[in-house]
Amino acid sequence: MLARLSWKQVRGSRLLMGLLSAAAISWLVFAILIYLHFNTGAIELLNLVVSRLVPINSRFFLTFLGIQAVLAFFLVLLLVPPVFSRDLAHQALAYYLSRPLSKLEYAWGKLAVAAGLLSAVTWIPGLLLFGLQAGLEGQGWGRQHAHIAVALFLGSLIWMAVIALPAAALSTWMRRRLSATAALLGWFFVPGIIAGIINRGLTTPWGNLFSPLSLARIAWLALFQITTPSAHPVLHHGRMPLQAIKPVPAWCAYLTITMLAAVCIAILWRRLEPIRGVRG
Amino acid sequence: MNSSAASLTHDAFRPQRDAGRGFRAWLAYEFKRALAPRRAGALVALALLPAAIILLLGWVARWHGDNPASMLSPGFYARLFDELLLRTVVFFGCAWLFIQLVRGELTARTLHYAWLVPVRRTRLGGGKFLAGMGAALLLFGGGTLLSRLAIEYMRDLPPAGAEWGTLGGYVGVAALACLGYGAVFFLLGAGVRQPLFPALAFYGWEQINFLLPPWLQRCSIIYYLHALHPGSIPQHEWGFVPPPISYGAAIAWLLGIGALSAWLGVRRFARLEISYGGEE
Amino acid sequence: MSASIPMAAGREAEPMIRLESVSRFYGDVLGVNRISLEVSGGITSLIGPNGAGKSTLMNLIAGLIPPTRGRITVLGVTPSEAESLFPQLGFCTQYDVFPAGARGRDWVRQNLLWHGYSRGDAAAMCERALARVGMTAAAAKKLESYSKGMRQRIRLAQILAFEPRLLILDEPLNGLDPLARTEMAALFRSLAAEGRGLLISSHILHEVEAMSDRVILLRDGYLAGEGGIGSVREEIQEHELQWLVRCPKPARLAALGLEARAENGRPLINQARVFDRPEPALLLGTPAPAAFFLALNAWIARGEIEVETITPADDDLDAVYRYLFGQEGA
């Protein structure tokens, strides 16, 4: 019921439709690139060397995930703050939580729409692309590259944990949509810049642990099994490559993301109070 | 309730009103509100961030047995000032502060109190902007000053002679950034129902400024701030070389952009209607 | 559209509020349409069901929204002339919110400082207004901790403090308990006696009937009628009101009511419908509510019946409007 209500609240948004269309177009472009690899007629007609220009490998799918992740961030920005702030700003939680709805059911009901739409732009189209490539390539390509499918799925979940959970926590913390959206933007941009300065100042990769974007990227690189030097987590603004520096181990990124998710869930749990007391 | 004892003295002694005093009271109230703990907590943290990072890096360097002075060079500070102070702290800080000035009142449904005050709406709007500027100068000018003092402290070199001039230059550029960004965000807050998405687009525009052709680089604020930057910041490897501009012209442009945006914002503010539907 | 309720006598020469063919649209949605009226001193009640356009009309008068068409003059100036108008006009809006963290006394005083009073004068005026609405003791508390009734009072104190000539109060009795309503009504009467004008909105006619000198009736954004309270009261007294009485023996109550007679010889109940489920209740129609309730008290006191609840079945204005103006007027 809550999920249906949340969907009703956002479905009329032109911005939402624009983002979903952009995600669909992006998927289509990648699907066409895969298709061109196997359509020799088209390759000859266009005089393209597609396989050399855009090789279909882990990096191809990582690039796809990266683009979809940016769109997913905008979706979160659009979807998550309003669904919580409307209820919190108007003290509606007392109504929801006085009915037989637990906090967990409430939070899940509210986040279900965001989770569904994020899935629809990240791992679902990713796996469809993977399926298309595996189907066209044949000869056991899918089995040999199963880690890509796993990476697409887990990488998407990690991204959701890095953006959707903080968005929900910030929305319940700030209570107003404007403040929550602003805080979310700050969350997205500011830590990355701080991480870059720490990395550059101390010539270390450990500053990346302060940046959710860098954390997600480290995790993705590990999941996609990409270890070439140029693929190391690049410092923000990319002015000082880290080829010479050993990157942050993936398990540190996983651990930090897990801790971050736990903190967000704790905040969410604490802030979803039916009645907020006021000290006179 | 006492309906007779404390009767209002309608025709007897009536204290004197002073319109100027009313406007000053409005200015003081808005300034205090902009710096109120609820609203300004995050801003204070943001303003202190550069100084905190410098101290952190300096102490870590000392802990490693290195000389902080070699790491915290003038070039390091010049980049930190550009990336962290101008593009992050001042940009996001002003976005938060100035958008909240108007849009925050609309979402909190309290703007009608201002509309029922015997002060012209253009003066109310002007007062809001001036109060925001005062708060921004205090926070971010102060933050710049503290960051510069933090670096001098870590380098064990008390500022002297030309150093004071450089310090003044950095604080001055930060002040002009507050004016430029503050006025643009004030206009966005007064004129757009969802100002954060245009603000995000503006952030993108400022970030890709170096990629733009010279005539488009002039259509930004960061271009003029870079022209006034007291230190030297490295040129991007790719992108266009920014067209030269004199200090005087850069200051005039920033003052002009700030004044024009603020004037438009005040006009828009004065024409706002009290219709809180759709604000969250 | 306008009903034929006679106007009250003794209107002042110069009206405090004058609306000339004022319309306000929100896009395609009608707020109010072609309203022309004049409001003078004393207490004028603006009555209409929810969504009738009362708040829109009040917001237009106070200049919070501009009219799409028409002209508004308040105390001789247009609502956009803030410096001339707002020292004389106090408006308690429908928006029951305050800036976060503010305390009652500070908030009342702050408004006085914006009006240009010195700190000393503001403090004295603030205390007088707080005393007048009975909020001195609670004034140090945060506004967020106030009950609905306290918030109504502090908002009233905020505008009373600068002693305006005209007070516009949007649903000021909302959320108040019966005692507080009586006290508030007495306060309004005393303010009117001081020569101030009060425009008070309500969606419950009986609520403001006792204190109003004049009534303006709004419906669906149109002026449905205006006139002296006497003429409206007469019309209403003729109107039969329906009540739902929950009691263990509804049939017994119906029999008592149908047998009993008012002073004018009419039956106390002329309509009765007994319900057994979901719980025993009687839906009754009475043309003489005052006499009926007097008799009901006597029956309860004598132990003839027990009553759990009494709810007006048509306390919204629809029934009154249908009665006063007919369906097409509604």
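Each chain carries a letter (A, B and C) given by its place in the written order, and its residues are counted from 1.
In the analysis below, contacts are C-beta pairs under 8 Å (C-beta built on N, C-alpha and C of every residue); 3 or more make two chains touch, one makes a residue touch a chain.
Quick caveat, the model's predicted, so the values are computed rather than measured.
Centroid analysis (C-alpha atoms only) places C farthest from chain A. Every chain gets a centre from its CA atoms, and the centre nearest the mean of all protein CA atoms is that of B. Inter-chain centre distance (chain B to chain C, centres taken as mean C-alpha positions): 46 Å.
Chain geometry summary: the mean Cα position of chain A and that of chain B are 31 Å apart.
Chain centres here are Cα averages; for chain A and chain C they lie 53 Å apart.
Counting partners per residue, chain B has 108 as the residues that reach two or more other chains.
Chain contacts: chain C has no residue touching two or more partner chains. Only residues 42, 46, 49, 53, 56-57, 60-61, 71-72, 76, 79-80, 83-84, 87-88, 92, 95-96, 99-100, 103-104, 107-108, 195-197, 199-200, 203, 234, 280 of chain B touch chain A when the two sit together in their complex.
Per the touch definition, chain C reaches chain B in the complex via residues 26, 59, 62-66, 82-87, 89-91, 93, 95, 97-101, 110-111, 113-118, 121, 124-125, 128-129, 131-134, 153, 160, 163, 180, 183-184, 186-187, 189-191, 194-196. By the touch criterion stated above, chain A contacts chain B in their complex at residues 15, 77, 82, 85-86, 89, 176-179, 181-183, 185-186, 189-190, 193-194, 196-198, 200-202, 237, 239. The residues of chain B lying in touch with chain C in their complex are 1-10, 14-22, 25-26, 29, 33, 36, 38, 108-110, 112-113, 115-121, 273-276.
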